[in-house]
Amino acid sequence: MEYSNSELLTVNAARLLRDEDVVFVGVGLPNLACNLAMHTHAPNLVMIYEAGVIGARPSRLPLSIGDPTLVSGATAVCSMYDIFSFYLQRGNVDVGFLGGAQIDRFGNINATVIGDYENPKTRLPGSGGSMEIAGWANRCYIITPHQKRRFPEKVDFITSAGFLNGQGERQTSGARGGGPQAVVTHLCIMTPDETGELTLTALHPGVTVEEVQQNTGWLLKLAPKITVTEQPTSEELRILREELDPDGIYLK
Amino acid sequence: MEYSNSELLTVNAARLLRDEDVVFVGVGLPNLACNLAMHTHAPNLVMIYEAGVIGARPSRLPLSIGDPTLVSGATAVCSMYDIFSFYLQRGNVDVGFLGGAQIDRFGNINATVIGDYENPKTRLPGSGGSMEIAGWANRCYIITPHQKRRFPEKVDFITSAGFLNGQGERQTSGARGGGPQAVVTHLCIMTPDETGELTLTALHPGVTVEEVQQNTGWLLKLAPKITVTEQPTSEELRILREELDPDGIYLK
Amino acid sequence: MSKLCSLKEAIQNNVHDGDLLYAAGFTHLIPFAAAHEIIRQGIKDLTVARATPDLIYDMLTAAGCVKKIIFSYMGNPGVGSLRIMRKAIEEKQVEWEEYSHYGMISRLQAGATGLPFIPMNPTAAPSLEKANPNIKRLVDPYTQKEVIVVPPLLPDVAIVHVQRADIHGNAQIWGIVGEQKEAAFASKRVIVTAEEIVDETVIRSDPNRTVIPSFVVSAVCHVPFAAHPSYTQGYYDRDNPFYLGWDEVSKTDESIKAWLDEWVYGVADRETYWQKLGDETHERLHVKDNFSAPINYGDY
Amino acid sequence: MSKLCSLKEAIQNNVHDGDLLYAAGFTHLIPFAAAHEIIRQGIKDLTVARATPDLIYDMLTAAGCVKKIIFSYMGNPGVGSLRIMRKAIEEKQVEWEEYSHYGMISRLQAGATGLPFIPMNPTAAPSLEKANPNIKRLVDPYTQKEVIVVPPLLPDVAIVHVQRADIHGNAQIWGIVGEQKEAAFASKRVIVTAEEIVDETVIRSDPNRTVIPSFVVSAVCHVPFAAHPSYTQGYYDRDNPFYLGWDEVSKTDESIKAWLDEWVYGVADRETYWQKLGDETHERLHVKDNFSAPINYGDY
């Protein structure tokens, strides 16, 4: 079956989730990935939104983080201070999804500024909650298209921490979370090695190592054994297309 | 009209309240005093209870700080953390009522222990919220029977701060509240002078300076002009007896 | 995933000798049923923490379950002294650690939010700070003034009584909400006892009312009247005569032992206890309905 | 004591040139009507703080009301860039001060609770801390590890839109409660706009629902549909086409000016604005009822 890059990303993100995970989720692809996981192998997934919604059961596709459909039918709603402190900072969040304008060799993310902070070339939205998600969720996954400009060797600004400059620098920082566990792109999956450096560990069907390397801004480390991901199943695609995003808002 | 000591205390406490005051109130006489003030000169008084109740309108006499009658019909209920932080610490409480086993020359209160802290002669309940009320309410009033053992020159343990050792020591402590503005007993009213020392400023009808002095554990300072309080009016007594405490639970 | 089980099982699986226990509920929803089950199971050497030990910790102390008490106000609310705990402290039969209410609640707030401390402003009162080395000072880096700090309280187990919960543990409370949320989030394990177990759809019809989410809960037990002699807003009243009567019961070792024998060891569970209280008490504690104005969440 | 007045009066009396303004509401209940009135009154040199500036501060910036922006996420939610503010920052037409969401909300929490700072745990991300000298570090006296601290945010005026309030200012919110409470308690003055002004008895029938008490409120205004194009849970939906359309409107100075002329300067108040939106929009934003399960407080 044919599938789009967005579908490929979403399916692979969904597969990283475990049943009963508590996931801090944004709108767009991460939201679709969580809903897909709930419809397949993770029926007891708990979705948390930074607006303070817990256990959302959206009856339509939420178009913003504050869509009222996230509230109607949720198990709990709390204040913003509480969602960040009682939930995220306390260690009650298993998984966070992240994205950004730039991701570097050690999984650091820039969502703040291209160029100098005080004299921005391009001003981006900034952290929102992603600094805390990256710091405190037990596991983080970065979901992003794979383009060379998105993968510089070093980001201009570390909005959200990966492994900083590697070699255990994150561990000594005092941040409780495990950091990025995988970067899922439309070409491949990269996971950090023991020094925190992103390493190519799996290719999507039909993608070559060269293709990945050409779209990455540094000499990408290769795992001793590079696997190939299972392609999206017809059931996964059916759920995405028929149930979750029938208008193709995010998956076109 | 005849009246009991408790009625005298309650009436004089009520008269210290101003319309629209936000009062942090406990059960017993302070609760009666607030209700009396609401029925007379302070209809817009707001009563706050440390259990997290705001704007209570109890339809029966509350017998504990957590009486459910405080909740039904209140304007707001919040958590204990919130009542102490958003309300009291933030400076939203105008008046606090306090009492204790011992009150000293500078209005410090002991509600913790008679004797040594580690080897208590008599163990008392401890602070509860009174340490914070004494520290942070804009004005505090101490309501207490007048007995020599209750008024030692120096308390064994400062559970709630008055003016410490006087001479501006409270001011340098960093506590935001104004401290005790008056001590109302069944004999008199004492108010702190500019050094924070309790000073006899008013006698209740028929009470002499000597009587007060005999029941006080230090040589009590006298104001240049000592006034006499207006005796409880028949209307005040009627409200107390008929409407607020018809069974005489607190006022007998 | 259902976490529903009997209170007996919940205590067996989640409360162990030597644990730090927080039985939550400021004056309201005090989980007496769970405390009685702890006594029946003979659990020992507990460190028990509560802002107000109330009768619930007086009972645990009387039954020999308590090694240490952490508290901020040790009285029989509206009545007077808490005789058993007071005597235990005066005679040094238990260890104790003491805060003000706000200090105590700040410790829970720090525990619940994963912080190493929470600041509070100075109150000018010096004695407790001198008596308790856990209370420290820090200099505010913005104003150079001093603040008071307290460390997190991280109980092994919290017990929280609620009006209604679903089988997953999503729990809703109204009336005085005290420190229930903070206690649950601060603790490693959480036992919820509920007046009613409701369908998940009831919880989901009013998400703003949910205080405790399922995933911090270890066990959910259906225990009506679990808070007697305290109360459950909308379900039953506070048993004031019981609180007054405890002042008598707790005067001698003999009367305490007789009470425990009759009302704790002598009953199998809360259902038996409630029936034993009898019709006159049931009637006295009954409350008439008084419903809130409806809330429209909208069908989005 | 009634605090009811028109929105025009409320803004005149409580928002002044040079004020620090916090228009609250995280994605929900954003007080657009009040912002439009601020624009109409030509108030200048505001420092505007919000976690998410959203379209509301884009509009204020476009109208020349803003001197400085304090924020944590500057995007058009679900759409993309916030063009006007972004350009103002890139071209240094406004000053800015930036936090993460939790840093921003911690500043409000500190302000609302009267604390000189609130600690948060380290996130490992270094750049923002370097860029903003307001973000400092302290050593935790219990573990000797470092925490991050931020100072209180103390706005001159907060504007909070709510579902229902009484004439005294007691206000209830459901759905996403965001940072409304914190903003109100942190601020010197508070303007409440409400979909409905209800009798005090409605508020008192459900005290747990009250987020803001009367005595921190300066003015209460009855302004139905005040949150459009954002939404009010249970009252109307979010106007997504408006958010998408803003991406076009905000592309050129001409189209921005035309929009302000037509929809802000050209209308007298929110009632006129809402009528001007027309039946098709009213119908599109209409939501069906969906009521919560009832709550029994009991008649004590």
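Letters are used for the chains, namely A, B, C and D, taken in the order the chains are written, and counting of residues starts over at 1 for each.
The rule is short, and it goes like this: a residue touches a chain if its C-beta (ideal position, glycine included) is under 8 Å from a C-beta of that chain, and two chains touch if they have at least 3 such contacts.
A quick note: this is a predicted structure, and the numbers were derived from the prediction, not measured.
Q: Strictly by the touch rule at the top, which chains does chain A share as contacts with chain C?
A: In this structure, the chains that contact chain C and also chain A are D.
Q: Roughly how many whole angstrom separate the Cα centroids of chain C and chain D?
A: It comes to 37 Å between the two C-alpha centres.
Q: Please report how many Å separate the Cα centroid of chain B from that of chain D, as a whole number.
A: About 40 Å separates the centre of chain B from that of chain D.
Q: How many angstrom between the C-alpha centroids of chain B and chain A?
A: Chain centres of chain A and chain B, defined by C-alpha means, are spaced 57 Å apart.
Q: Counting in whole Å, what is the centre-to-centre distance of chain B and chain C, each centre being its mean C-alpha position?
A: About 28 Å separates the centre of chain B from that of chain C.
Q: Going by the touch rule set out above, which residues of chain A reach two or more other chains?
A: 53, 67-68, 71-72, 77, 85, 89, 136, 176
Q: At least two partner chains per residue is the criterion; list those residues in chain C.
A: Those would be 114-115, 120-121, 145, 174-175, 177, 181, 208, 233, 237, 287, 290, 297-300.
Q: Are the chains arranged, by touching, as a line, ring, star, complete graph, or other?
A: Graph shape, chains as nodes and touching pairs as edges: none of the named types, so other.
Q: Got a list of which chains touch which?
A: A-C, A-D, B-C, B-D, C-D
Q: Would you pull the chain D residues touching chain A in the complex into a rising list?
A: So the residues of chain D touching chain A come out as 26-28, 51-52, 71-75, 77-78, 81-82, 86, 89-90, 98-103, 105-106, 108-109, 120-128, 131, 145-146, 174-179, 181-182, 230-231, 233, 237-238, 240, 243, 287, 290.
Q: Would you tell me which residues of chain B are touching chain C in their complex?
A: 27, 50-53, 63-68, 71-72, 77-81, 84-85, 88-89, 112, 117-118, 120, 122-123, 125-132, 134-136, 157-161, 164, 170, 173-176, 179
Q: In the complex of these two chains, what residues of chain B are touching chain D?
A: Of all residues in chain B, those touching chain D are 20, 22, 44, 46, 53-55, 57, 59-60, 67-69, 71-77, 85-86, 89-92, 176.
Q: Okay, in this complex, where on chain D does chain C touch?
A: 114-121, 136, 138, 140-143, 145, 147, 149, 151, 174-175, 177, 198, 202, 205-206, 208-209, 233-235, 237, 287-300
Q: Could you please specify the touching residues of chain D with respect to chain B in the complex?
A: Chain D residues touching chain B: 1, 112-115, 170, 181, 185, 200, 203-204, 207-208, 210, 213-216, 297-300.
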